[in-house]
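Okay, so chain A shows up in both of these, paired with chain B first and chain C after.
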Partner chain A sequence: MNQATVVIIGGGATGIGILRDLSMRGVHAVLLEKGGLANGTSSRFHGLLHSGGRYAVGDNEAAKECIEENTILRRVGKECVEETEGFFVATKHDDPEYARAWVSACERAGIAAQPVPVAEALRLEPNLSPNISTVYRVPDACVDGFRLVWHNAVSARRYGGTLLTYHEATGIEQANGRVCAVLARNCQTGESLRFECSYVINAAGSWSGQIAHLAGLDVQVSPDRGTLIAFNHRFTSRVVNRLHKSADGDIFVPHGSITILGTTSSPAPSPESNRPSSAEVLRLLELGEPLFPDIRQYRILRAFAGTRPLYSAGSGAGRSASRGFHIVDHAEEGLHGMISIFGGKLTTYRLMAEKLSDLVCAQLGVSTPCRTATEPMVRPPSAETLAKATKYFPMHSTTLAAHRLGEALETVVNTMDAEPEHPILCECEMVSLAEIDYVARDPDTHSLHDVRLRTRMGMGTCQGTFCSLRAIGALTERNVPLNLSPTEDVAQFLQERWKGVRPALWGTQMKEIMLGRAIYAASLNLDGAIHEQQ
Partner chain B sequence: MAKIHYNPDACIACNTCVAQCPVAAVNADFPGPRITGPASQRFRIMGNIDEETLHFCANCKNCDISCPHNVPISAFNMIARAEFTKKNPFSLRDWMLSHGALLGRKLGLVPAWLRNVGMLNPLTRRLLDMLGISASAPLPQFAAQTFKQRMRTYPQPASQRKVALFPGCYIDLYDPQTGLDLVWLLNKAGYEVIVPNNFDCCGLPMVANGFMEDARANARSNWAELSSWCAKGIPVLTACPSCNLMFNRDLAEYFPEIATGTAALRDAQEFVLECVERGELALPAPDPQAQPMLYHAPCHLRAQGLGLPGLSLLQAVFGKAVRNADAGCCGISGSYGFKKENYGIAQSIGQPLFETITKSGVALTTSECGTCRVQIMHGTGKPCLHPLSLVRRRLELQH
Partner chain C sequence: MNSNSDVLVVGSGPAGLFAALVAAQRGKTVRIVTQGAGSLAICGSNIDVLGYAQGQRIDEAPWAAIAQLAPEHPYSLVGEHSIRSALHCISALCAKAGSPLSHADEEKNTLVPSIVGTLKPSWLCPASAQGNSLLAARRVLVAGIEGFKDCHPALVARQLKRYPELKQASFQTVNLIMPPQPRKRTLSPLDVARFVDSPEGLAWLCRSLRPYASTADVLVLPPVCGIEHSGSVMATLGKEVHCPVVEMLSIPPAVGGLRLRAILCRELAALGVNIVENATIVRAETAGKQCLALISKGTGGERRYTAKHIIIATGGILGGGLNMSPTAAQESIFGIELPLPEVIEDRSQEAVFGDHYFTRMGVQVNADLCPVGADGAVLFNNVHFVGRALGGYDYATEKSGLGVAFATGWAAAHKV
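The block that comes next holds the complex of A and B.
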């Protein structure tokens, strides 16, 4: 028998944010996620920590929320944020009227937008088109959505929160107009579980319609599909937005070693609708070209798609739907203890968690105030650990690893201390064996796929061609328990990588993947090896 | 185009360069050209610059030679090294090793014997060792007179057919005889040789030691001078593979704004072969009595993709007596192997070549590159001469 005061459904930024907030206030909470952490929209977006500039004209309230949360996250989540700043850039074809309206809207929302002379903008970002006419600087930044979710999770655990990945909610029990339990299935063992609780928080994002349905409720969430392209290198060091009425393909975000261009917007048939198409890739390139004229010469690593959980009650859909968030206490519909949270953006996840936790705490009579706006998420590693780390981590990756690992860096460095060699297994993203070993041993890691999400292994140039074999070999040799057999794990890992590569399979990336195919399908006969095992 | 040129997109991580890297083969601390080059480039663009293992790169160009996708791997490394040099304390040792021409000019008034005593005596070598130039390294000796000085009084038959010569620092300062041997051959082919005053060091050692801006200044004046001779229809030759590589490949890579137009430096060995083909220079039949010798192809020659014209020339006059050692890099890579921290690496890299030479039992070796020759003599104790010097000897013997 499992018991908790609150069961949260959904392991994206919102759900984990709520888990951390409630746990910090001493409320006993359990989170159920049917996949891995952040496997939904929180890891399937452009990685932009909005200044609010994008929403200033259309939704000034959402813009205000963005700039406030942007400022808070830079402080409490600095390990997840790269303070790149952003440009809003108009081309000679864009309406100058819009730029004027945008400047005053930014002022209303409290977003510092400073004009930058075109020559200066081109000096700072030499790959920008010389045909631009107007540039403004805003406090946009980049955020690693997965890392953000993970650091929230580590912090929540520290405060006693429980997190169960690969646990799918299958039913919500109610008695006398109150929720009383959540039924769940362990997706890996098939085991059924029951969690007694007083509150159920539906934070399932694009899936929240399905969760509400478990309780016999109907909510108006329509998943809206967005496709993005990841390029092999960083051709802009700032976020670049096109200064026009928000549209498709007008945001470029430097994300670690890569650049992301997004997005599209179209109604999604289902929240799982995340297979991008070549047509979408080609369209994004065409839309991105006016800002970065050499865009077709940059190598595309992959494309990916996610679904925005747009709340469609009342207002419009797609781009005109509100990016603000909505909390619905289903008590109004006769079911007490069931609360859903919809809409919003990753940038405002903390605020969403705060407002929702306030509501739950008020009902529970808990008066502890929210501390997520002031207490840093990560306990930074000590100066000694950092100094020691530079001995073992290659070149530039010490800071990156420290930001990924937080206080766990110490454990990883101590492992390195004890070992004679410190190989880098993922050379594209510079990930060491010690870090991969540490992450692979975490109870929430079940496969190479989970290792990838936390370390960035396999997310660079070769898209897993070299690191997957190296990693599975090293982990097997070191007796690290994973769920699948080594061959199945590698096959699944590569399939997932290839899924994103397929829609943009041309140019250099085609050569890359042919090399991967030659290694795995021809030389290693991976498919055959799986058959032999069966 | 330059901004696209320096992006790491063409690399598919195949690691062929790592398999072919002479440094990575002998030094486990060097992660290899793929990591320090295109892979790290993705992180350098993020603003993370760190030199930790980059200094191991010898700029020998074997990565560029082996890359199936034309990734400018060594250029990534050299540009990163230049950025590092800009941001870090100045290394007197690296400056000295890369500004030999300037030092040579400054020391020009001091007699060569005194310079050599000054530079090569045990006390100075200890001092140099403290500066980071290995006391064991085979530093070349200054010649009594530079090549340029000797050419001022060198008698040449006047001719309407003229070529200009870019001697390069090595021939000018340390090895004028090789330059004179080339002049002798060209005279024999009916050319009058001009040695322009305005050529300076090609700049390759500056690039290799991180002084990109000094290299740019030299490139600018050298390219203007080269272009003026080419415009007059006078070919400009060099007997040094590294100078040739710098002019014909590296300048366009590092300074595309300078290396414009159709000007080109010519490989002197290739030019002499063409003289033979045109019937301007008659070669004797291969000498059946010739003593066996091994030829070493310098990496910077192989990087140009011109074939091995020096070896072809040697085979034309010595026949089967001369064979290609084909035993990889000698390890020295210009000033790389003189550096204290690299001396051991350079010797390990050269080991297969040294063994090939020693086991073959030859008494004589040959190579176009000055520092390769110094390294081969140091590693094997056998003499190593420029192919042009051997060709001249053979022609002189015949007469």
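The block that comes next holds the complex of A and C.
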């Protein structure tokens, strides 16, 4: 029998944020996620930590929330944020009237928007089109959604929170108008579990309609699909937004060595609808071209898609539906202890968690205040560990590894200290064997795919062509258990990469696919081995 | 500046080098113009002819399956005689160079192990890749080299055990320690193979392997048994170690392919064939159904090459012989349009190793390997396409890369 005060359903930024917040206030909480951490929308977006500029004209309240949360996250979650700043750029074809309205809306929301002379903007971002007419600088930043979720999870665990990935909620039991338990299935073993609880928090994002349905509730959450493109290089050092009424394909976000262009918006048949189409990719290129005229020559690493949870309490859909968030206490509908959180955006995940936790704590009579706005999320590695790490990493990679791992860097560096060789397995993203070993041994890691999300291994230029094979070999050599056989694990990894390139099967990215086929099929016969090994 | 020859070959992968060599052997003056090193820098030295057809592994000799291939398959176009002649020719060449190729069994494809512990059906194998000694063994030693990122003996052993063919075998693993070498990068099989080319390196390898000869029936190694002298390295290992050695197929940098490349290039030099490197063909001069000249751009600016016959061995998408945009696919020198399904998703399948259209995309040719248009009419009478620039086959899944390269190279050289 499992017991908790609160069961949270959904392991994206919102759910994990709530788990951490409640755990920090001493409330016993368990989180169930049916896939890996952040496997839904929190790892399938552009990674823009909004300054709020994008919402200033259309939804000034949301813009205010953004700039406040943006400021907080830079402080408490700096390991997940790259402070690049952002440009809002208008072309000669964009309405100058909108720019004027935007400037005053930013002022109202408290967003510092400073004009930048076009010549200066082109000096700073030489790949921008010379045909731009107006540029403003705003405090946009880049955020690694997966890392954010992971660090929240590590912190929540430290405060006693329990996190169960690959556990799907299958039922919500109620008695006398109150929830009393959540039924779940361990997706790895098939085992059925029951968690007695007083509260159920539905934080399943695009899936929250389905979760509400488990409790017999009917809510309107429409998944809205957004497709994005990741390019092979960092062609902009800053976030670049087009200064016009928010639309598709008008955000460019640099991440590490790559750049992401987003986003499309179209109603999705289901929350799982995350296969990008070639039509969407071509449309994004067309829309991106006015700001970056050479964009069609850039190599595409992959396209990917996620679904936004748009909460439509009756009216509005797509981009015009509210990006603000809504907390619904289903006590109003006669079911006590069941609370859903709908909508929202990653930038404001912390605020959403705070408001929801406030509500739960008020009902529980817990008076401990929220501390997530002030307490840093990550415990940094010691100065001594950092100094030691520079023996094995170049300076820049030391910082990257420290940001990914926090204080766990010490374990990784100690492993390196104890061994004669310290290979970097993923040369594109500079990920060491020691780090891959450490992450692979985590109980929440089950496959190479999980390792990829946490370490960024295989996310760079080679897209796993070389490092996936190395990693599986090294992990086998070191007796690190994974769920799948090596052949299946590498094949699954390649399948996942293929899904991202298939809708962009042309140009230079196609050469990379052919190289992968030359290695994995022609040389190593992985395709045959899948059927022949037992 | 103008250069003239009987035959101009564009590309220096296996198909180009071999076509040039056969043409030169037949008394033609030959020039090779090439942009890069070609695919021998990424492939192995065993010659796959046909390992799979309709998704089924071919365990017997490939000839019966070859006879069943579709008419547009390059093997069907050149015929069994050309394939056999080409293989005979490359075998003779390798034997002359001291690295003979052979079949363990004339009736069967050979299963060769790889560095990820998979087995691949292949046909002509050098002495270092005779997979049969692995399949016959009861006690297998898998040796890696300390410091290799890409070869892990425990993985190889664990994976090989999953084959029914090797269920009864017992495995032991070891990582050999190479003497410290001055180096600035991670050790690769290429570094070790170069070391083993030296007397000191060869002595080290013999010394390292000898202790295992008594406890194993076969020694499985990454491809480290020399590059320039791989033939004599294998002969010495045979005399000194007293246990069969099998090299695993590996990933780039490719030791095996570079061995073949060295053999081909030495022979080409002996035949007086000139190779112009770092030169990209930028356009063709044509008149009716004749190609008059190709213009290259390289370090010395533009150059014009004329020849009676032109062999195009520029490879597929990876080699740069074919290009694809969202709306069109083209051969890269003459701009020959390749038919393409309009919807991008129709060009491939959802499964990564599925039966994709794009993997068989290439130039359509007649029996003389001259390009033909959509209506079947010849485009150029004196231009012949060889290797992966050709359509109609997916070398990666059917395991026919070097087989098609050599067979079409041989056939084209006999059309000039």
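Here is the rule we use: the second predicted complex is superposed on the first by the 529 of 534 C-alpha atoms of A that agree within 3 Å, B and C clash if a C-alpha of one lies under 4 Å from a C-alpha of the other, contacts with A are read in each partner's own complex, and residues count from 1 in each chain.
Heads up, the rule we're going with is that contacts are C-beta pairs under 8 Å (C-beta built on N, C-alpha and C of every residue); 3 or more make two chains touch, one makes a residue touch a chain.
As the structure is a prediction and not an experimental result, all values here were calculated from the model.
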item	value
First, second, both or neither for A:515, with chain B first and chain C second	both
Which superposed partner A:399 touches (first chain B, second chain C, both, neither)	first
Which of chain B and chain C A:485 touches, first, second, both or neither	second
Contacts of A:294 with chain B and chain C, given as first, second, both or neither	first
Touching partner for A:237 - first (chain B), second (chain C), both, neither	first
Touching partner for A:466 - first (chain B), second (chain C), both, neither	both
Per-residue contact with chain A, leading partner among chain C and chain B	C
Contacts of A:505 with chain B and chain C, given as first, second, both or neither	second
Touched partner set for A:525, first chain B, second chain C, both or neither	second
Shared contact residues on chain A - chain B and chain C	466, 511, 515
In the complex, chain B residues that touch chain A	3-4, 7-15, 31, 34-35, 38-50, 52-53, 69
Chain C-facing residues of chain A, complex	277-278, 282, 421, 423, 425, 466, 469-470, 472-474, 476-477, 479, 485-487, 490-491, 494-495, 497-499, 502-503, 505-507, 510-511, 514-515, 517-519, 521-530, 532-534
Residues of chain A that touch chain B when the two form their complex	126-127, 232-235, 237, 254, 256-258, 294, 297-299, 394-397, 399-400, 424, 427-428, 430, 460-462, 465-466, 508, 511-512, 515
Chain A partner contacts - residues on chain C that touch it in the complex	39, 42-44, 48, 51-52, 57, 114-121, 146-147, 149-155, 158-159, 162-164, 186, 249-252, 316-318, 324-326, 343-345, 347-348, 350-353, 358-359, 395-397, 399, 401
